[in-house]
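All chains are identified by letter, namely A, B, C and D, in their written order; residue positions are counted from 1 within each chain.
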Amino acid sequence: MISFTCDYSEGAHPKILERLMATNLEQLPGYGVDHYCESAKAKIRAACEAPEAEVFFLVGGTQTNSTVIAAMLQDYEGVVSAETGHIGVHEAGAVEYTGHKVLTIPGHQGKIDPTELREYLEAATTDPNYEHMVFPGMVYISFPTEYGTIYTKQELEEIAGIAHSYKLPLFIDGARLGYGLASPACDLTLPELARLCDVFYIGGTKVGCFCGEAVVFPRANAPRHFYTITKQHGAMMAKGRLLGIQFDTLFTDDLYFQISRHAIDMAMRLKAMLKEKGCTFFIDSPTNQQFVVLENKKLKPLAEHVAYDLWDRVDPDHTAVRFATSWATPLEHIEELRRWL
Amino acid sequence: MISFTCDYSEGAHPKILERLMATNLEQLPGYGVDHYCESAKAKIRAACEAPEAEVFFLVGGTQTNSTVIAAMLQDYEGVVSAETGHIGVHEAGAVEYTGHKVLTIPGHQGKIDPTELREYLEAATTDPNYEHMVFPGMVYISFPTEYGTIYTKQELEEIAGIAHSYKLPLFIDGARLGYGLASPACDLTLPELARLCDVFYIGGTKVGCFCGEAVVFPRANAPRHFYTITKQHGAMMAKGRLLGIQFDTLFTDDLYFQISRHAIDMAMRLKAMLKEKGCTFFIDSPTNQQFVVLENKKLKPLAEHVAYDLWDRVDPDHTAVRFATSWATPLEHIEELRRWL
Amino acid sequence: MISFTCDYSEGAHPKILERLMATNLEQLPGYGVDHYCESAKAKIRAACEAPEAEVFFLVGGTQTNSTVIAAMLQDYEGVVSAETGHIGVHEAGAVEYTGHKVLTIPGHQGKIDPTELREYLEAATTDPNYEHMVFPGMVYISFPTEYGTIYTKQELEEIAGIAHSYKLPLFIDGARLGYGLASPACDLTLPELARLCDVFYIGGTKVGCFCGEAVVFPRANAPRHFYTITKQHGAMMAKGRLLGIQFDTLFTDDLYFQISRHAIDMAMRLKAMLKEKGCTFFIDSPTNQQFVVLENKKLKPLAEHVAYDLWDRVDPDHTAVRFATSWATPLEHIEELRRWL
Amino acid sequence: MISFTCDYSEGAHPKILERLMATNLEQLPGYGVDHYCESAKAKIRAACEAPEAEVFFLVGGTQTNSTVIAAMLQDYEGVVSAETGHIGVHEAGAVEYTGHKVLTIPGHQGKIDPTELREYLEAATTDPNYEHMVFPGMVYISFPTEYGTIYTKQELEEIAGIAHSYKLPLFIDGARLGYGLASPACDLTLPELARLCDVFYIGGTKVGCFCGEAVVFPRANAPRHFYTITKQHGAMMAKGRLLGIQFDTLFTDDLYFQISRHAIDMAMRLKAMLKEKGCTFFIDSPTNQQFVVLENKKLKPLAEHVAYDLWDRVDPDHTAVRFATSWATPLEHIEELRRWL
């Protein structure tokens, strides 16, 4: 049975496996100071056109979010996020576990609205009880969002401008970054994104790796001793080579972007097919996650042939479901899905 | 240049790489519920002769220690450890970051002494200020220890008995477990170890894996919702398959023990060679870490040919150094080291 | 100038001062084990008709909330509260600082709705991603709420029933408990309240004390070692006598209820006067906090004679303000306010 | 029966009670911004000859220690303390609860040795595994120490110099500060102490107050938003007047020093009497805590007449006991003790 459940169903891109094989018995130092890590960092700096960027390799998304957020906030600060932000909903309270509140503003198909952000920050910082409340200390967004949507360059500029006017850093969760940048709806490049925010990560787990997220502080602005902080959070991999080799491979010969484009190509074909089938879209997503509304009575028969993700209840008779493509999705899977829809 | 610096210098055992290749495009669910994880857990239960054991796969040692300890302690409790215990020294305060104190007792070449443990627990629990102090909530030991030493079965029985008489669980850090069990000095089996303690882990990172530690609660005694706790600690791998496949391979056809025995075989040859060379031993270690005292003036010339770990200053003219073998150490490396000593 | 700003503007009830004077040079043990603390606890148990209740004296409200919540939750649990709950808004993130999320549901003039609570808990505990989310671990309400409103006995029974059906304890923040119980709208007694919930506190700071909150676990159900937990949270007073003597006085000859009734009597006269003056009420509060809408242009002139609390912006020309009475409010203050309104 | 158990057996100095009475019905704002707090702060600044000092009033010692330490450390830092330091032993893990390790060096009758401090810091900061360990982030000492001893001006200058040479702040726990400064052995003034350290507190609980510790950052060097941090730690008193009035009284007409001198005067008479009685001293303490070794068989009979603190077991037949004087100790108590010794 084929699966569109998520974008982390397969192992790693074959080129990564090849490199792991080829380098396997090379003896390397641990904890991320080997030459593959160094090479991967240099390539990421180049891809970001950020020669001063500090790059760290962490293992997974929840871990990366809580480590970066805790490292950048003061104890009395919280992180501002859309109500639907991954950090506030699906990370088992990992941010709160580090002592920080997730301060929520409305999410619009996963996105925050610049005007609402400004109003929130203005109200928060001028509240007469300000000193008895959690201070906003950072703005968190995801790109693409949990709903597959992306911000335009202008929206991102506005959000960054607002955050910075309140002296707050902007953090972009890029667990699916490649799929956002490769979207035909994206009017933004990686260097532009790196320039606009204060920290972001390049998701590896969902874009070709077994595991790994590359955290980028674009202007040599990593919190002091971030390396030790990752150790303290249990986020440092002893065999750092596993992360270094994977990212070195992804950032060689444009592989990261190439496989992201493949996923988006598949997603656009999937979307077209769903349209042809007359499906109602739950969200008009320009990235690798596609959301449609299905009749409940169709859910079970479909599930016998194709795995998908139940997303949300729409009404007593209908449910929103998610189909995700990835770097590994073959064209035949879309044809297969077409058959059973 | 060859390296004896540590036991995590190479990638993964070739059989693991093969399995990763063979399964790479199989679509599997995330977060550790795939059939490889299930199979690996079943094999670990069998190897431990603990049919009710609950097994969880985490990523690395520091992460595993802080997650297990935080999960098993009440807020007002600390973990009792040798002064030299890894959790108290080389984990960047990861345990304290979760809110718990590491309560220390003397370490004797890395080991705690049963009598001293009993005296400590008795004094702590009868102190007139008991209620204003941190309560001992767990006993932590490593097997082998950070100094390569191991506990005898009788010592372990005593320690477990004492811990249990104070109603404390015993936690065994098995980052190098295989190398302990494979030692000729070890009079203990994996099932016996599992029977004696309340939680332990089977180290993968240092024994053949890219990453991964298998936490075992031998009597269905995992803390409630330990799965969610691992998520909250950023210790859950999205592509759980990476851990499941590795451990499934290690526990197929006795591979874990076989490669551990190889490492010990190499260590014993190394030890014999060091003796032949007239080296003074810093510790008489029966496992894969060997510690000798070298003249300072020899350190630099040796380092041009062989990498090793500086362990401790002995006197102004001498330094203790560590040579570690692993599943990947070839016999030639020992011959090479002999040449340059 | 007189003040209606809040209910903690004055010192302590004169009878408390008298007792502090009378006992001042008596030598007593520290940390809450003196005979005044014991006597106060016995009187509170009697007032609650809860002979098995465990009672602890803490210093202030935020401290009490975060200590009780942290003590009763498991690490992976959060506390369910109205969006407007004090713990989620005006405590500077004290709950999150202990590692726990405040899970919010709508507030209706400060109150949660039983049906919405049930729906929230049902959705949370049946979510397919349940294990990746924060578990609801406790229900928190305040009585009276931050908006002066109170729950009826039936509402409280429903809320308790729902919480208990999900195996969650119900925690009642009683910072202003006396003013709630003394309200003419209250159909509930202290023993009934104690019977319905699992932990609550009897606010002293706002009801006659210099400081102090009496935490009551009505059925000998305090978390293990709660005494040590208060120490760990910095919530244990060395001179516990200060708290013991205050509460002992408050629970002698019905003083707590008597002074609460006075505050409510003053509040009802205040309310009547505000009605006479034609004020629009922002909330119809039956307790010691009264909220009316004033024209902005009247705010400044009034502030020259009477201090009050700015509560909320209503529209560009109007603001909601709060007038609070307390055990210490003299009738003349209401007459004085009448003059300047 | 009389008690020498501790220095917090009585209530508050009579002048404090008078002021509380006199000001009781004055309506004042909450949370430490009333004019008594302002006045007390001004007087403390004057007494410290530190016109730029920032002063905060917290409630108790454990709370103050954990709040100050957490506020001044980075997440990856720990606090260096004598093994016998209050923060590491008798505060129920309050520092660790905030996520920080207490890094211990030897205590010599409660004092740290400058040379050992320097060696520890040098070793810690040059350890090859430095980045995998907890960074020293602050030096904590108590004055007087838990053993009644005090540092000389020269020792304090050395310790401060060493701490500052490693860019670490020096924190002085002054829970008994008055009793240290009033000692005949003290060659240091309050302004000198304020000049040498980076933060300290003037203990009120043990020196005349019901409760309260005045934290002083002598050079306008409080951590940003320390006010909010105290709220987050549950360390802010709603009726801040209780702390303001107490400290305002203590720092009017030299009262703090005057009552401290009384306690020391009583301690020196006590010490002389103990010498006359032929007691062996456990520690030669120059402050209000006196420690002598008693035969075990004398303990019980004495306890029928005088309460004292069991301090330590000396040998099977002898025990060290503590007698503490305070601002409230009358001369007759010493005569009474003489009778029963």
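For the reader, a short list of remarks on this structure follows.
Everything below uses one rule, namely that contacts are C-beta pairs under 8 Å (C-beta built on N, C-alpha and C of every residue); 3 or more make two chains touch, one makes a residue touch a chain.
All values reported here derive from a predicted model rather than from experimental measurement.
When the C-beta pairs in contact are tallied for B-C and for A-B, the bigger tally goes to A-B. Using CA-based centroids throughout, the chain positioned farthest away from subunit C is B. A repeat of the C-D interface exists among A-B, A-D or B-D. It is A-B, with more than half of its contact pairs matching by residue number. Computed centre separation for the pair subunit A/subunit C is 42 angstrom, with centres defined by C-alpha atoms. Computed centre separation for the pair subunit B/subunit C is 50 angstrom, with centres defined by C-alpha atoms. Between subunit A and subunit B the centroid-to-centroid distance comes to 33 Å (mean Cα coordinates, whole Å).
Contacts with at least two other chains are made by residues 75-76, 91-93, 97, 99, 131-132, 228-229, 231-232 of subunit D.
Against subunit C, the residues of subunit D that register as touching in their complex are 2-3, 5-6, 8-12, 14, 17, 20-21, 23-30, 59-64, 66-67, 91-94, 97, 205-206, 210-211, 228-229, 231-239, 241-242, 307, 328.
Residue ranges of subunit B in contact with subunit C, taken from their complex: 31, 70-71, 74-76, 99, 131-132, 135, 224-225, 227-229, 231-232. Looking at the complex, you find that subunit C touches subunit A at residues 75-76, 78, 89-93, 96-102, 128-129, 131-134, 310.
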